[in-house]
């Protein structure tokens, strides 16, 4: 278990097709270690597809993915996750029947290599509870640890989602719209949280809230029809004509 | 083993397959479209057979018996749908399994209560009571009727599903039930229709089977198992899958029963062959299903989702 | 929130009442001079044991196996076949049964766990049916007619031939398995197993390969069923292909779901209710007017069927599961 | 139905179990185990009706003493049957158990019953093991060992001069024993020997084989529903006219009502037939038809004899069932007017009797019925008796 420190991630000539339509079209991207790299683009630009390719839930039709210097194109989801390449979901995906603590404990547990322990009661196992509580504290859910998830507000669920990712001591976090459906206040909390987390991890962020993106990201990549058309600092992207063209009416949204 | 013999055996397989298809077609729609595990499909088959026998005794007309049996069974199906099944659509599969299992027990005892424990049966329609000579082997002409009806139903369902509005709905629902519901389709009506359709087909199967086999309490279960084998082999929700699945299972089962023991006798000594031959041939369809599922968990003709 | 406070609700009371009742049955049977009830309750507990085993995969793992009778049969025939060759040691019986059972379960599980949903149900059934046909083909061991067992397994000091001793042995097996399960449910393994049921995709995203945990769970539950088969063979002094029939697999599912799947004592309650009801309806002369009692005695299956339907429709979480638990299921 | 009510229901149910009287000295208790639910109920019901015909005629008495018949449904499940036996012996304290429909149930309960020194008067199942090595002094079987009927068929096939016979059977122990029995006595050539899966709904494949083999006759063992399917489809294939059909279990009183004309011409082998000419049988058939308005079956007849046997024995012991040796001697004497005419027990306490071949024909009343056409075995003792240690 390497202590969480960002690792580099890159894709070469990545292609993914669904019944004719090309969701990812010869994408070449590099995510430097420790940077927060945002993927933006109009709807259907293939942002989530790219995340799914990176996390391994989709297999590319062509191209390669390198992580921490190794080719992981054919690695399975769980193999990638164990090596520190962890994702969160756009639509909250947790274990509703469990408490918050149990949700995060499950994540902590999966770090421990295997879970073939049959008799030891997890409910009194500090090695699980303490890291889990820590992760919950980090996202500001420490107080609600004992509550079952189904009593939770949407915003809090998104935070839980992130806590579960953090509990996995990731080196690269793939965050798919962590702000989706959050109230203004909740969103601000989350942005603050992500700002705190920056540098300690490599973060690939897909997000529609442009304000948040431009305030958080070290670099941005603009995807259009599955192909990265521009990549650079927020400043560079702001003034890139191609991006304006790509976004057309969305121009205002960029400012 | 002559070629004509093989051909006739093949025909037997097809005939058995058609009977299975009548049952599978209805059930696969229920499973696929409503995502509802309806184990009492076999009971509907039994009800259809009993109704056919009773009607045949009164009218002594095969067609009339068929009409009565189908309508009676559809009625039963709809009543049960209204009273019980409807409450189960939103429940998990296990609840459906459990409740329909309970219904099976009720129906088995019900027919025993009404018709008594001893088996019933009905005669082959006079026109088809005589066997015909087929490549030098006498062959019961009624079995051609079974094949014919099966084929007709197959064509009918094809037209229904690919040429009618209901068909469009059915296909849509099979591909994505939730979506269809959101498209403002009257799902409740669609469900009743599908259950009714299933009941009608089950009754038809019961009618066709009545002259071939004994009509009695519990006749639905063995055939239900085979039907389910057909459905998962063919691909849940796909009528095409049900059709080819039924033919595959029917033919494999028949050929397995006749050829395998003979084959084994060539390889092993007689007594051993006789010991394991039937065991293996009765296993055959399960082996095939298991093999198919391991290679293609969605079955041979999976319904395209999304 | 480290420890959950074990406060008592109806559920816990019911469980305790049930267990203490079970512990007292032999005494009571002695008192009223009805040793028969001993064998009735023994049979209930043996089947309950199998149901508890099934519950591990069904209730906690979300794997609907319609083929668990297969392992009951393995256990029964291990005893039957070995004793027919003059090997009477219970330890040998048990060891052989568990080894064979685990091997079969591992092989079968490795195949069937690649499927899910309806396909899984059917493929489990398929394997059970195949095993059934194999046993029916075993002419040397009675085939369809089954296999008589001269005397119960020999566990040295434990004289299984004595009904009360056998009863308590079965009871202890049941309690031991239940205790083990109660630990397992909250262990790391148990959490992963339930996690895989609730949200397999997320488990994978967290780096957990669900397959191997499911496989282990399947083998464990098979071993419990095997144990129940060994006891069944000893109870009836008989091993029969009918122990492997799909109908028995179905009954086990009924017991689990009826009692309440994913609850510890649910399957036990389910088994008890089902079998006691069966006993009463099929042979007890109920005080009913108009020959209704004989109608029920002759068509008791219908009544059971109706009962199952009603419970399924009215109690989403089963008889035992519907009881409010005093404990926050944490 | 909420939980408290559920529980109270259970409680009262349990109470009811207790309420059942533990000790009732007065009447002699007789347990009657048979298939009484599900598809096979037709067999069990016949057995029970045949047995009760005598009991009810005698006003609830056998051998002049009141009897209480406790009917139990074995559900074709050995484990359930064992349970029921335990109940009958331990709870009801019966001294005699009769009925028993299927051989797998018989095999399961034979040991527990006879070990408990309770008399097992079986009226249908007669598996070979208990006719031979595993025979017990406490068993008295009023039916027959299947092979015997099969051997009768074999002899009959010889009498008819059949050279080439095609054998078919259900793939389980009884099926194999039965075809074996036929082959022991049949002198001609066996065209082929085919075993089909249990509960096979469709015989087209096998019947095509038969047609292709063109044998002089077909010999088939298919009990109950299997028999109905087989005979119907045999008839539909036009084979009934061309090839004589010798069967066991396929065309008897239990299946004829379903088969009707479809079975005309088929042959059956049995130690009893409704047309056997003796006063006892006349009385039985007539009373049975009046009471249940259907033709009595072999199973009813054998159970009626079981009742007569118990009747005669209890009469001898004055209703004393505690002196086992006396009761056993009385049963062994078999001192009653069997519906089969003569009836003696062999050393394995299976009957020594004649075996008839019957053909399906329309009887005087115009009903489809069995007509005795030959008696290939006279005073016959089954072959397994030799393997039985008892004298």
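The first chain written gets the first letter, and so on, giving A, B, C and D; residue counts start at 1 in each chain.
Just so we're on the same page, a residue touches a chain if its C-beta (ideal position, glycine included) is under 8 Å from a C-beta of that chain, and two chains touch if they have at least 3 such contacts.
Keep in mind the model is a prediction, meaning the values are calculated, not measured.
A.B. asks: Could you name all chains that are in contact with subunit B and with subunit D at the same time?
C.D. replies: Touches both subunit B and subunit D: C.
A.B. asks: I need the common contact partners of subunit C and subunit D, sorted by label.
C.D. replies: B
A.B. asks: Computing the C-alpha centre of each chain, which chain sits at the greatest distance from subunit A?
C.D. replies: D
A.B. asks: Let me have the rounded angstrom distance from the C-alpha centre of subunit A over to the C-alpha centre of subunit C, please.
C.D. replies: 44
A.B. asks: Cα centroid separation between subunit A and subunit B, in whole Å?
C.D. replies: Going by mean C-alpha positions, subunit A sits 49 Å from subunit B.
A.B. asks: Based only on mean CA positions, could you tell me how far subunit B sits from subunit C in angstrom?
C.D. replies: Chain centroid spacing, subunit B to subunit C, equals 32 Å.
A.B. asks: Starting from the mean Cα coordinates of subunit A and subunit D, work out the distance between those two points in Å.
C.D. replies: Centres of subunit A and subunit D (C-alpha means) sit 74 Å apart.
A.B. asks: Which subunit C residues reach two or more other chains?
C.D. replies: Residues 133, 136-137, 139, 299, 301.
A.B. asks: When you check subunit B against every other chain, which residues touch at least two of them?
C.D. replies: In subunit B, the residues touching two or more other chains are 108-109, 112, 278-279, 282.
A.B. asks: Make each chain a node and each touching pair an edge, then name the shape: line, ring, star, complete, other.
C.D. replies: Shape of the chain contacts: other, as it matches none of the listed patterns.
A.B. asks: Using the touch rule from the top of the page, what pairs of chains touch, sorted by label?
C.D. replies: After working through each pair, the chains in contact turn out to be A-C, B-C, B-D, C-D.
A.B. asks: Can you name the residues of subunit C that touch subunit B in the complex?
C.D. replies: Those residues of subunit C that touch subunit B are 58, 64, 111, 114-119, 121-123, 125-127, 129-130, 133-134, 136-137, 139, 246, 250, 253-254, 257-258, 261, 295, 299, 301-302, 304-309, 312-313, 316.
A.B. asks: If you look only at subunit A, which of its residues touch subunit C in the complex?
C.D. replies: On the subunit A side, the touching residues are 55, 57, 76-82, 86-87, 89, 93-99, 101-102, 105-107, 109-112, 115-124, 128-129, 145-146, 148, 164, 168.
A.B. asks: Going by the contact rule at the top, pick out the subunit D residues touching subunit B in the complex.
C.D. replies: The contact residues of subunit D facing subunit B are 37-39, 41-42, 45, 171, 193-197, 199-202, 204-206, 208-209, 211-212, 224-225, 228-229, 232-233, 236-239, 242, 254-255, 257-262.
A.B. asks: Per the contact definition, I'd like the list of subunit C residues that touch subunit A in the complex.
C.D. replies: 1-4, 180, 183-184, 186-192, 194-195, 198-199, 201-209, 213, 216, 329-330
A.B. asks: State the interface residues of subunit B toward subunit C in the complex, per the touch definition above.
C.D. replies: Touching subunit C: residues 31, 37, 84, 87-88, 91, 93-95, 97-99, 101-106, 108-110, 112-113, 225, 228-229, 232, 236, 275-276, 278-280, 282-283, 286-287, 289-290, 293-294, 297-299 of subunit B.
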